[in-house]
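What follows is a short report on a single structure.
Per-chain residue numbering starts at 1, and chain names A, B, C and D are given in the order in which the chains are listed.
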Amino acid sequence: MRERIFLLLDAGHSEEPLARIVDIVLISLISLNVVAVIFESMPEVYAHYGPWFDWFEIFSVSIFTVEYLLRVWSAVESRNPRYKSPVKGRIRFMLSPLALIDLIVILPFYLSSLFGADLRMLRALRLLRAFRLTRYANSMNLLLQVLRDEGPIISAALFVLLMMISVAASITYLAEHAAQPEAFASIPHALWWAVVTMTTIGYGDVVPQTLIGRICASVIGIISVGMVALPAGILASGFNEALHQRRRRYEQLVDNVLEDGVIDADEHHQLHQLQEELGLSQHEAAAILKAGYRKMSHLTEICDQCGKVILLPSPDDPEGGGTTRLSKFG
Amino acid sequence: MRERIFLLLDAGHSEEPLARIVDIVLISLISLNVVAVIFESMPEVYAHYGPWFDWFEIFSVSIFTVEYLLRVWSAVESRNPRYKSPVKGRIRFMLSPLALIDLIVILPFYLSSLFGADLRMLRALRLLRAFRLTRYANSMNLLLQVLRDEGPIISAALFVLLMMISVAASITYLAEHAAQPEAFASIPHALWWAVVTMTTIGYGDVVPQTLIGRICASVIGIISVGMVALPAGILASGFNEALHQRRRRYEQLVDNVLEDGVIDADEHHQLHQLQEELGLSQHEAAAILKAGYRKMSHLTEICDQCGKVILLPSPDDPEGGGTTRLSKFG
Amino acid sequence: MRERIFLLLDAGHSEEPLARIVDIVLISLISLNVVAVIFESMPEVYAHYGPWFDWFEIFSVSIFTVEYLLRVWSAVESRNPRYKSPVKGRIRFMLSPLALIDLIVILPFYLSSLFGADLRMLRALRLLRAFRLTRYANSMNLLLQVLRDEGPIISAALFVLLMMISVAASITYLAEHAAQPEAFASIPHALWWAVVTMTTIGYGDVVPQTLIGRICASVIGIISVGMVALPAGILASGFNEALHQRRRRYEQLVDNVLEDGVIDADEHHQLHQLQEELGLSQHEAAAILKAGYRKMSHLTEICDQCGKVILLPSPDDPEGGGTTRLSKFG
Amino acid sequence: MRERIFLLLDAGHSEEPLARIVDIVLISLISLNVVAVIFESMPEVYAHYGPWFDWFEIFSVSIFTVEYLLRVWSAVESRNPRYKSPVKGRIRFMLSPLALIDLIVILPFYLSSLFGADLRMLRALRLLRAFRLTRYANSMNLLLQVLRDEGPIISAALFVLLMMISVAASITYLAEHAAQPEAFASIPHALWWAVVTMTTIGYGDVVPQTLIGRICASVIGIISVGMVALPAGILASGFNEALHQRRRRYEQLVDNVLEDGVIDADEHHQLHQLQEELGLSQHEAAAILKAGYRKMSHLTEICDQCGKVILLPSPDDPEGGGTTRLSKFG
């Protein structure tokens, strides 16, 4: 019973229809919560539908509370050995980042009921529920992994950026302070201008007007275009590399699986699971599989209409039995 | 007769002079339509030349209608087996994306004639005719393929972006609501600010003025520069990879074709067709061909003036006959 | 005599000291002309120093005219066979892009003297003299080559961008026309807004104010961040690839030159010339050379202080004679 | 004694606890100085806490002066042979870029005490102290190396950019001068507009209003999106390549070290030092090490909880002794 609940709540890893339904219900509820927070903030909407929003909030928090309690209760069923012990394991689970997000998302409701705190502030905090969706997005893991891997380089680029912003703000402060004593009243004021300029947002609320200020701003603008884009470029190329590694991992499984020339039901399941885990598109998976077959000197085609892999009979294997086995995979 | 019309209308795949003329006429007509829609919207231009625009519209719709009917009629000549059956095949063709665009482009005219609907709205809709040009652009396919391949990653990046926009809007709403009750009247108002800031457009119509609002905006601005550029970076590197694959495909054909050391008229035609299909530039194709020759230990040069490949006589092949055969290819 | 003048004027390819001086004088004169055009446009500067600018203009045009005539006269000495014939060759040379720029740069002066045309307009045209500097920048060729190679893809991306700008302008025109009849008076007015938004410039002079207009603008803004960056990403990765090819070309020469284990004066000259032609930095060249030596199982080091390549004596070559030969290269 | 002080001050290279503390104290002091400069510029803050800022300044300068003198005194202990001679070596050290920054950072204080110069200007100059932090950031070296390597290409791109800005400014000046005689009073005024537009900052303080001016601005905007992003793209891909080289260097050391299948204390230390020097993350280092072990046909795993490398017993090495040795590395 506890194991079953654990599997039902364990996002993305079970293939059972009921688990899928649980996933979809929770994703919809979270998305509706985000939409509700945004609309609730409009006075004219809240004036008309206020009670509905309040009831929806109570309903959502009830579901999330039950879900949270079930997760904590069933955590000991996890394959992770750290969560095995009944008390210590559950406390460890409750302190894991995902579980903390789950708690933060329901806590404000209970706190405001208990202490009658400012509701407006707490309502907006509910938007953090959006982060719960990360649990269901496989590709997000890739994004976070790249961020972690390229961490030291990105920190260095950010540090250079912050230093440049500080220096740019100080120089422009010295140049513009006399001409615009209000907009450039101090370096922190100039920092606002520097950030808006170096990110190329350029609101235009603060603009240098002296000759020296404009020359500084021009140099800063041209340099910043290159510097600000650096972290993005590094992230993108790190991402690209991570994507390649994912494909190589799928290729290796394809090669293993095709060693005997046949993909049986079990191997098909393995491929499907790895594809989901890596977040590969149907198109990519089919292309890798096709390449794998080609290496084995079979001829394959991707059907123009259904996008499935068609295994043509090769001279060595006149029955071409692979086609039928593959057709259910595509 | 029906087959001939099919081939004439089948963009980019036939080499007949008449088919080329049909292509050019249709491309010109579509481009003129886009220009007409833009100029027609200017009241002073429409006041003077109104009837001309109306006649041009009737003329264009007539041509497009005839073209559409001929396409539907000749669809059964397509190599695609799904369109072979006289009735079902034609209905399937009419539901294909390209045929639907062709229909949407002429339908508004007939609807407005029948029901007397608002002409202004419908006139602007004619701008969708521009999308018909995609039929004639080979490189566009590459663009769409990359978008499809990198789909899951780009969706993940977009999802993170939307979440960040929502959270940024909520935080800045809380910080600025009291100071600017009009510009930050609700979270949807703050969403407009967040989008304008995170895409670095920065109109300046809504600008945070409190200290906390500016600190939030600065952090958001710096983060967004990296996050917003991610999808672009992924697309660009996916593109780059797809371009490499195209070149490799051309290289393989060059290798096959050069196996006997001679490019005959038929192989020349094959190379030319693949080059057009892949959208390779003359320069790239010549470079790949040159490299292919070099692998066969022939000496080749690219002529400085005409850019054509010159095959120098190699020690093993004193006649150097390849030169003349190649000169018509360059 | 004619050959000597040809070599003196032939930018970047001769190593003679006098040719270098001619290069530097011409580059300085062009740069001073650009600065003069910019300062001349300031009324208060022109009021004070007007005659000086006029004399400088007459002086510059004289030099450029003499240079142009000498170039045309000596063009027949070029290695290019198309310019060999005394009359036809010179006319062909005069129609080459670089010679046309040289002519356009001096022509306005003579035209304004003859016909008394508007001087202000013509003065600004002199800024085109800046383009004459391209003759002296080796890296520029790489930039232009990449632009040519990636041409079809960049055109496709630009075409998609133009189509998106048109469609975005039309939709926002429909949404905003009623609310802002002046700023969105017609689609061409909306086109201005669309370009300013999609390039993320965001002046803020035209901003959508209706709900639908803002939703359109948000979607357009988010899409455009990805689409607008595509051509830049393609250019950058094309550039990167071209840089790699350059390095490979230098590597090949290094391998050839090192086959006998010794770099003599002639080979040193060859390496130096290719390095200049390819625009490789000293650092890169030294790194490639070092790698070349390592392949030959010699041990080399880059000196920490002077950055030169030090060839350590290898077990097979106990005299280590390479060091002295290399030391003059570093 | 002198050697000990040299090692204590030599940032990042010593592993002694005391040297670490010296590093942390200096980094904190520099960071506090940057914060102090920014807050000091706020009149209301300086009015209240002025004396505190003055005392902090005197304290900081004292520390920095002592540090500078100790560095100069102990410079002869450096491994660099150029600094060995007692007098000449110390003068050479004082002229090295890092030592000059150290001097510039303390000099203003003494100059203003001596000559009573304008304090405001000098106070802001103290922000340059931030650059002293570069001494402690390993990843910064990578950034600077890439900038140096890609120098000629980036100069070419910058030169094209400057030429484009000049030409764009001149054309728009001609188009807008009559309509906006104040904002486009001269080409230098137009240059300000061109820089703000081409970097996509778009303040909106100067906006073209004539038809021709807007057409020019649109073309310039679309071109600039591609051109301005070029240097950033080149930098990012150069960076990416440099990162790969770093990883390859670590891989080589791992291969060397694993030749005997065992990582002893000395080799562990070597790996750790190279990892620090290259600025590799713990995650990357572990991944490379794991791959190295795999090549040797040992089976390894990364522990899910502690992130450490677990060396599984291989069939050839039944004792699996590597595990314990590795566990202290992870």
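In this section, a residue touches a chain if its C-beta (ideal position, glycine included) is under 8 Å from a C-beta of that chain, and two chains touch if they have at least 3 such contacts.
The model shown is predicted, which means the values in this text are computed figures rather than measured ones.
Q: When chain A meets its copy chain D, do both sides use mostly the same residue numbers (more than half shared) or mostly different ones?
A: different
Q: On a CA-centroid basis, which chain has its centre farthest from chain A's?
A: Between chain A and every other chain, the largest centroid distance is to C.
Q: Weigh B-C against A-C on C-beta contact pairs and write down the one with more.
A: It is B-C, judged by the count of C-beta pairs in contact.
Q: When the C-alpha atoms of chain A and chain C are each averaged to a single point, how far apart are the two points in Å?
A: 41
Q: So the centre of each chain is just the mean of its C-alpha atoms; given that, what is the distance between chain B and chain C in Å?
A: Between these chains, centre-to-centre, one finds 29 Å.
Q: Quick check: what residues of chain C touch more than one other chain, meaning two or more?
A: As it turns out, chain C has residues touching two or more other chains at 191, 200-204, 228-229, 232-233, 236-237.
Q: Quick one: in the complex, what on chain C touches chain A?
A: 200-204
Q: Show me the residue ranges of chain D that touch chain A in the complex, using the header's touch definition.
A: Counting only chain D, the residues touching chain A are 34, 37-39, 41-43, 120-121, 124, 127-128, 130-131, 133, 137-140, 142-143, 154, 158, 161, 191-192, 195-196, 199-205, 228-229, 231-233, 235-237, 239-240, 243, 279-281, 283-284, 304-305.
Q: Would you mind writing out the residues of chain A in touch with chain D in their complex?
A: 80-82, 148-149, 151-153, 155-157, 159-160, 163, 166-167, 170-171, 173-174, 185-188, 191, 197, 200-204, 207, 214, 217-218, 221-222, 224-226, 228-230, 232-234, 236-238
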